[in-house]
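Below you'll find the structure, written out as C-alpha cells, and then a few comments.
The first chain written gets the first letter, and so on, giving A, B, C and D; residue counts start at 1 in each chain.
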Amino acid sequence: MARFVHEVHMRWSDMDAYRHVNNTAYLAYLEQGRVAMFFDRFESFSSGTVIARHEISYLRPVVYHPTPLRLEMWVEDVRAASFEVHYEVFDGDAVAARAMTKCVTMDFDANRPRRLEPSEREALRGYADVDGR
Amino acid sequence: MARFVHEVHMRWSDMDAYRHVNNTAYLAYLEQGRVAMFFDRFESFSSGTVIARHEISYLRPVVYHPTPLRLEMWVEDVRAASFEVHYEVFDGDAVAARAMTKCVTMDFDANRPRRLEPSEREALRGYADVDGR
Amino acid sequence: MARFVHEVHMRWSDMDAYRHVNNTAYLAYLEQGRVAMFFDRFESFSSGTVIARHEISYLRPVVYHPTPLRLEMWVEDVRAASFEVHYEVFDGDAVAARAMTKCVTMDFDANRPRRLEPSEREALRGYADVDGR
Amino acid sequence: MARFVHEVHMRWSDMDAYRHVNNTAYLAYLEQGRVAMFFDRFESFSSGTVIARHEISYLRPVVYHPTPLRLEMWVEDVRAASFEVHYEVFDGDAVAARAMTKCVTMDFDANRPRRLEPSEREALRGYADVDGR
C-alpha cells in the first residue's frame, strides 16, 4: 500500500526571529498528520493511545509560504502495545525533516498499556511502507 | 484595593519574523493573568465563565527578554451575568499594551448565561480599580 | 466587490482543556487571513504596517474538525495612515466570531506612521464591503 | 560542575483536549532552557547554531499548575562542529520527560557547518554532567 499523504498548512507566526519555521512547530505538523491518519478512522486509536517518544531530524530550514507542506507517513514496528509512525516532511520536492513517533496503546481506566486489538493491528498493516525510497 | 499584579514569562518563540513578540501571543499572556487571578480562588469562575470578547491595543513593540512582563489587572462593569477584566501590560516601566476581556458567567448544563453568585460578586468587588492612573 | 474569502485550517492542539478551540488561537486565524489578503499582493503592506488594535467577539464555541474555517474579510475606515480589516469567522454556516484589526502604516526607518500611498489606497478600495449582510 | 537548572513556566493553553500538556509544548520548554543556558553567555552560540535533531521521551502526563517545571540540563558529545544538550524535565520530584537536542555550529554566510571555536569548547566543558544520576 502507498504511504499515507497529508498536506499541512504552516502559519506565518510559526516563523521565529530567524525568519525560519521554528523547530517547535514541526511537532504540531506531525500531530495534524496523525489526526488525519487515525482519528477519523479508528475511534480506539484516538481515545486510547499516548505519545511515548518523538525523534525528529531537521534537514533544511523552511520559510513560510501559503502552499502546504506534504507529509508522507507510514507505520513500522507494530508490537504488543505500541507502534511507530514515521514521517517525511516535504517542502516542495525537498525533504525538510524526518521524524518518528512511538505511540503506546493505553487502557486509560486502568492507567496502563493495553494490547493492540486485532482490528487495530489489521488497520496498521495497511500503513506499512512498501514503497519507501 | 490595589490592582492585581501578575508576572508573565515570554517565550523566545513568541517572536515572529519581524523579531518582535507576535500580536497573537498577548492573548496567552492575558489568559495567564486571568488564571492567576481567578482559578485558584474561585472554582465557579474557572468552571463557569466563557470569553465573550477581547479588545487589545498595542502601544509599543516588545522584544523577548528573560525577565517577565508585568500585568496589572482590575475588574470593571460587573453586571447580572458578565464582568470585564482590564489589563495594562508593562515591559519595564512602559505600557506595551492595554486590553479588556468580557467574561460571561455560564450555566454549562443549560448552555446559557447564569447570574453571578453573591460570593462571586463579592470577590470581584475586591478587584475594583481604586488606584488607577 | 465581493468580500475576500480565506479558508483557514485549525490544529487539533488549538483546543484547550475545555475541548474547544482556545480564544487565543483566533488571532492566528485572523493573521492567516491578512497574510492571504495582503502579503502576496502589496509588498509595502507586508513590510510597512503594524497591528495597533484587535477587537474580537466570540459568538459560539468551535470544536476542531479537519475541514477549514471560512474567513470573510473586508476593509473599512481608510484614513491618512491607518485602515481597519473586519472579519467574520464562519464554522460551517454559523458565524463563530466577529473581529476587527486596526492596521497603521509605518515608516520603520523613521519609526513613525506614514501616509498611505495612492497605490495602497486604491488597493484597499477593492476590499470595501459592498455585499455585507 | 553541577547541571544547569532552569525553571520554565507552563501556560494554561498548553493543555489540550485531553487536559494534559500537549506533547508539542515540550519543545518550547526545551528552547527556553537552551536560551537561558546559552543566549546571555555566548553570542556565537545564539547567532551561529542550528537545531539538527530532537529526541524526547514522555514518561508521565503533566497537568498545568502555576509553579514552574524544572529543567536539568547538561552537554554531551562535543564534536568538531556539533554538540548535544540533554535534559530532564521535572514536575515536582518526578521526571516527566527526558530529551536530547543536537546542535550544529554554522557559518551562516557560507551556509555550512563551522568548527567550534576554542572559547565555545571551553564554555561547553563547564556543562559536562559530572553529577548525573
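Just so it is clear, contacts are C-beta pairs under 8 Å (C-beta built on N, C-alpha and C of every residue); 3 or more make two chains touch, one makes a residue touch a chain.
Please read all numbers here as calculations on a predicted model, not as lab measurements.
Relative to chain A, the most remote chain by averaged C-alpha coordinates is B.
A count of contacting C-beta pairs for C-D and for A-D identifies A-D as the more extensively joined pair.
More than half of the residue-numbered contact pairs at A-B reappear in one of the options B-D, A-C or C-D, namely C-D.
Computed from the mean C-alpha positions, the centre of chain B lies at a distance of 30 Å from the centre of chain D.
Separation between the centroids of chain A and chain D, computed from CA atoms only, is 23 Å.
Our note on geometry: chain C versus chain D, Cα centroid distance of 35 Å, whole angstroms. Contacts with at least two other chains are made by residues 12-13, 22, 24, 28, 31 of chain B. Those residues of chain A whose C-beta lies close enough to touch chain C in the complex are 9, 11-13, 28, 31-32, 35-36, 39-40, 66.
Residues 22-24, 27-28, 31, 50-58, 61 of chain A touch chain D in their complex. By the touch criterion stated above, chain C contacts chain D in their complex at residues 12-13, 15-17, 19, 22, 24, 64.
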